[in-house]
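Below, chain A partners chain B and then partners chain C, in two separate complexes.
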Partner chain A sequence: MLDAIRSKVDRGERLSPEDGIALFQHPDVVAVGQLANQVRERLHGDRTYFNRNMRLEVTNVCVASCLFCSFAKLEEGSPGAHTMRAEDAWAELEARMDDPPSEIHIVNGLHPGLPFSYYEELLSGFKRIKPDVHMKCFTAVEIHFFSKLYGMSYREVLERLRRAGLDSLPGGGAEIFHPEVRTRISHDKATADEYLEVHRVAHGLGIRTNATMLYGHIETFEHRVDHLMRLRALQDETRGLQAFIPLAFHPDGNGMRNLPAPTAVDALRTVAVSRLLLDNVPHIKAYWVSMTPEVAQIALRFGADDLDGTIVHETIYRAAGSRSPGALSVEQLVRLVQEAGRMPVERDTLYNVVREHPRASLPEAALRVRERKASKHLEVLS
Partner chain B sequence: MSALVDRAIHGASLDDVLAARRTGVVTAEQVERLRGADLLVLGALADRVRAEEVGDEVRIFTEPGPDPEPDVVVLPQAGQELTGLDLLREVALARMSGPRAARVRVDWTRCGLELAQIALGFGASELEGRIASKRGLPLVEGERLGVGKKSRMELAEIVKRKELEGFVRRAGRLPSFAQEVS
Partner chain C sequence: MSDARLRVAAVGYLNARPLYEGLDREPASARMRLDCAAPSEVARRIAEDEADIALMPVAAAATIGDLRIVRGCAIGTRGAVRSVVIVAERPVEELEEIAVDLSSRTSVVLARLLLRARLGGREPKLFGASPRDALARIGGPRGALIIGDPALEVEGRFPHVLDLGLAWREWTGLPFVFAAWCGRPGVLTAEDERLLERAKIDGLARRHAIAAEHAARTGLPEASLRAYLDEALRYDLGDDERRGLERFYDEAARAGLLPPARVRFYDEDRRSAAPVPSLDGLLARAAEGERLSASEGERLGAGASLFDLGLAADAVRRRKHPEQVVTYIVDRNINYTNVCTTSCRFCAFYRPLGHAEAYVLSREQLAKKLQEVVDAGGVQILLQGGLHPELRIEWYEDLLRWMKSEFRLGLHALSPEEILHIARLEHLSVQRVLERLRAAGLDSVPGGGAEILVDRVRRTIAKAKCTSDEWLGVMRVAHHMGLRSSATMMYGTVDTPRDRINHLVKIRELQDETGGFTAFFCWDFQHERGTRIEPGENGTVLYLRQQALARILLDNVDHVGASWVTQGPEVGQVALRFGADDFGSVMFEENVVSSAGTTFCMNADAMETRIRAAGFKATRRNVLYEWLTPPA
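Our next item is the complex of A and B:
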């Protein structure tokens, strides 16, 4: 089966949903990774992207009750609930103006009590501080929520936010599209069709977006493939998706804490299959917060071409038990990429090149192995 | 195994290494070539050799023994600072350069369970480490953990063993607990 898929990949032929399921089920994850790596190198060579970004979650008050979420608190005033004043959010950027991010990535709970002007002021305030900062803010689920709460169409919401400073949308909130799963894990927020429609409208307005998939909980491989197929169909139509980000489920402190977290092998396989199925999405991210920097580094050989960014301040995955660090420096990201034998490229949000860093002449790992003392078995050989 | 792996090995000009492994000993020159090989091809080769020589069983050691075992390669070695990619390459090289049916063991206490699991696809056949809490602390004797939707309480040791078994099974392998490091 893998050989038939390889022939398709060699010919640049589109893979079918059945191929996707076969790839998820194939016992040899390294072989699947090789195929994905072939596509990744065809598209990007050794180039591996990251950016300087800053995460903010200005409120964790949320009317949705997603089973997988450890971040949201249902009501203002609940223990741990917080909503930042816009001034406090802006202060986070002001404090980093010595080495400013090129992107601010804001994702929030669905707060029922804030006026729409809060979000507009939030955006315009960041732009006042740093006019060229890219505001990648509000998932499609939030845009849908704003539409319902404030009585506007998706287009009106997006146009007003764009006037205030919005530049692009992040990909969160996709979870798993298939209703068999979505109705069980997140029944009271935007449906799959609504999520996709927000992206469609955004793309129509020239707003680029990303997309995600939360995997490793109650979904099946068929559900994952269905999810990827829906994204591929949207991309055929609009060409507005920049990157796909598989997000590993983390079980701590949420309604699915009885489930084991997906494993690193599953993470690598999902990255690889995503690369192979999403033939029209330019970039696949190994989101290091979700899969740890170590596994993300390996994923750069399994189809991923992007590590996301410096992040700074992520709280959603940390609430769910992620052991990844809270931030990585540019130097750390460059080293991760170089050690993987790739060429680090700092980008802006729209994948314009900011700086190309040198690649290691050989994979640094191989160099260090060569320099290291031979293991006892190698001594036997000599 | 698929012909895809065959082709990858052939494409990397490593057929002779596989043949040498099957018939005798891999030479130092061949090991040198393996060191410079693409990591995934090297991993696929090592995994094939592992499957042919030791099968799918993964022996899990949860109690440290008093002395290092002479016939076991444990990675990462004490004091070794390895990236994940380093570790995978070392594991694969240990499999390819070691004696037939070599015992290549990964210490998850040193590298984390995630990397240890991936290493099972790169030629490792054994796992070693202490069973500990999520934060790495030793379990207290008799400690219990909530499991399942109704938070049924079970001995933490048993829960952790089941998690380890799951880790191995989800890597497509068969777990088997050894009582202790001999």
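Our next item is the complex of A and C:
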């Protein structure tokens, strides 16, 4: 069974949804990973990307009631709810100007009471502090929410935000597209079609985006494959997606706390199948906040070619019980990549190379073997 | 100024003297520095790169693998060798047990091949014994394999003698080669080989003087020794001997006693590059469960992809455990004291005696912990501690007796380092210490403290700790007494890939001898506050590779465990697909690794969930890896 898929992969042929199901069901996750690694190395060799970024969640007030969320507090004034003043958000960047991030990644709750100008000022304020900082802000779900709340089309929302400083959209809010799941876990926010339409419009405006999938809760493998297929179809149309990021469901403190968290084997399998099915998306991210840095390292050999970035300040997964550290330094990221036998490449948000780091030094014997076998074997490491 | 001469090691036995004696004199001495040692030590020096060239037993050369041999010089025989014999009161066909001197692996492998050939596949039970013990235990259906001077001493004393040189000749029609000059590729020039050849010519010319000296020292008859050196032994290594050696390697590999080995001379490398076996071939052999040499292990470690290693290790695991079950144990790691005198640089746990944070657990503290284990359905205690300079053996005996009688838990207690510490403190033998502890309730010995079983590494990271041979020696004694143990490896400090392979091969060799290891666990050095050494090669991917390599190389160890305590539950789960069939233990507490900053917790439910999500059935086990529940 895997042989048929392997020969398709060897020939560079597109895999079918049935292939995707079969890959999710295949008992040997290592064999699936090997296939994904083959594709990953065909696309990127050993190169493994990361950036210097900073995460901010300026408000956790949210009108949506997603079952999987441990972060959002429904109403302003309820315990733990907070909304940052723009000045305080800017101060986070000012405090880091000795070693500044190249990207600010902002994701928020759906706050019903803020004026649109709040977001515009937020963006332009960051640009005042650091004009070349890349603002990767607001998921498609937020853009959809803005459109409804402020009575603008997606296009108007995006254009106004872009004028204020928006550079690209993060991929959050995709969850699981299929209505059987989406209506149960996040019924009161953007639908799958709305999410995809926001991305379509953004791509049409030349705004690049990422996409995600929240897996490991009530969805089936069929739902996962359906999700990936919808993204693949969008990408065929627009070519605007940069990276796909599978996000593991974390159960602490949310409406699905009785479910077990997906395990590392599922995380690796999902990365691998994503790499294999999303043949038109350039990058697959091993988001270390979601999978832990250790499993992310392994994922770099199961199809992923990107570790996201230094993050600093992540609070959404922390609220759901993730025990990953809150931030990693560039040195730590470089070492993680090197330990996985890969070549660390610092990038900007649009995947322009900032700096290529050396691979880990290999023992002489390994180098010799490496040279000899490089042509034949998929990958060789220290 | 450092000595730039070739480091030459040779087995310091009478039969080797004609080959090496001349090396102490000009012109060879200007180029070579000779050092004699026991056979296993000579092999170790080549394996660990402490010697460049060695006159070493051919079995050890196969185990290291990819060595080159000097053409023309060897210790061999074309018929009766006299010094490698099975002696008994009955014909060999009627023997049920044979005591063997396990220090001579080549002779033991030869004996096993010949016995199998003669007895139609049946093999008497072999057990290790010193030459003196072996001789003392001969009687009825029990014989002994006697090697070297003791064999010459007992000539004519037993009614039934199987001379292994003669038996080999009768079986194969070929000469037998016991030892030859071996080294890694490229270390010898043609001129070096001529020096060895010339030393041999000089040595053979002195044979009678050597015999006379040896006779004077040992009391053996000079005429007999002369005949031994003149007639029984042959010092050539030509085409016939090569065929004999190749046949031996083939037979031993087919019987699974040695990794497959080729005979390759230094001079052949000078004429043409040696053929390199393909990685794919090695991986296929690994997946088939074949024994790999140390150098083949290194090739895989350096060249094979993570997936190649993982799939091969998984294939080995499946072959050994086709039922697709992963076990775990409900036990508790109790560190009875943190007082320790060894000051290992990788350890953040120990405190000196008298330190404000130094402790020895009281009975009350222990009782509470033990009761929790009983209440949780636990089956054993893993009891380890520092080397406390003031606790006497009676304290340990009382402790074990009390634990056993009050709580009826299995006692997997006291690693080799602690056993040695007690033996030194009490001026008792290791065997006596183990006997007393077993009488007090000890059930099995944990394999901690092995770190890397290469002394160069141990001297750097754990100077005050026992040597590799001492660690292995305690395990040998324990296994011979019927105590089972686990084996471990902590890598990622100053160790090289070769050191890690050598570690595995040492465990494999002892396991060949005793069969006493139940399982193998490895983990990388946990660098944190309190440790005083920089991390070397480590990381999650290396862990998976290392565990997979261990599964591939340790063909004679039943179980390999995933160290989730050090790698985290997530990586531990992934490791189950890289050759592990055990998930270690439910964690109540663990102090040593956690004082270095690694703190993970997992209960039985979480372990079983992860085992199942990795595609296996889960079951609880005891220390012998027996299933305690039906796998589900």
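Everything that follows uses one rule, which is that the second predicted complex is superposed on the first by the 360 of 382 C-alpha atoms of A that agree within 3 Å, B and C clash if a C-alpha of one lies under 4 Å from a C-alpha of the other, contacts with A are read in each partner's own complex, and residues count from 1 in each chain.
Simple rule for what comes next: a residue touches a chain if its C-beta (ideal position, glycine included) is under 8 Å from a C-beta of that chain, and two chains touch if they have at least 3 such contacts.
Everything numeric here is computed off the predicted structure, so don't read it as measured data.
Looking at the shared chain after the overlay, A:D266 reaches both chain B and chain C.
Of the two partner chains placed by superposition, only chain B is touched by A:N258; chain C is not. Using the contact criterion defined above for the overlaid structures, shared-chain residue A:Q297 touches chain B and also reaches chain C.
In the superposed model, A:D3 lies in contact with chain B only, and not with chain C. By the document's definition of touching, neither partner reaches A:G125: not chain B, not chain C. With both structures placed on the common chain, the touch criterion links A:P282 to neither chain B nor chain C. Comparing the two complexes, residues 27-31, 33-34, 37, 260, 263-268, 291-292, 294-295, 297-298, 301, 339-341, 363, 365-366, 369-370, 377-378, 380-382 of chain A contact chain B in one case and chain C in the other.
Across the complex, chain B is touched by residues 2-3, 6, 27-31, 33-35, 37, 252, 258, 260, 263-268, 291-292, 294-295, 297-298, 301-302, 321, 339-341, 362-366, 368-370, 375-378, 380-382 of chain A.
Per the touch definition, chain B reaches chain A in the complex via residues 1-5, 7-8, 25-28, 31, 35-36, 39-41, 43-44, 47, 73, 77, 83-86, 88-90, 93-94, 97-99, 102, 112-115, 117-118, 120-122, 134, 147-149, 163, 166-167, 170-172.
The residues of chain C lying in touch with chain A in their complex are 276, 279, 298-299, 302-308, 310-311, 314, 496-497, 537-542, 544, 567-571, 573-574, 576-578, 609-610, 613-615.
On the side of chain A, the complex with chain C involves touching residues 27-31, 33-34, 37, 260, 262-268, 291-292, 294-295, 297-298, 300-301, 335-336, 338-341, 363, 365-366, 369-370, 372-373, 377-382.
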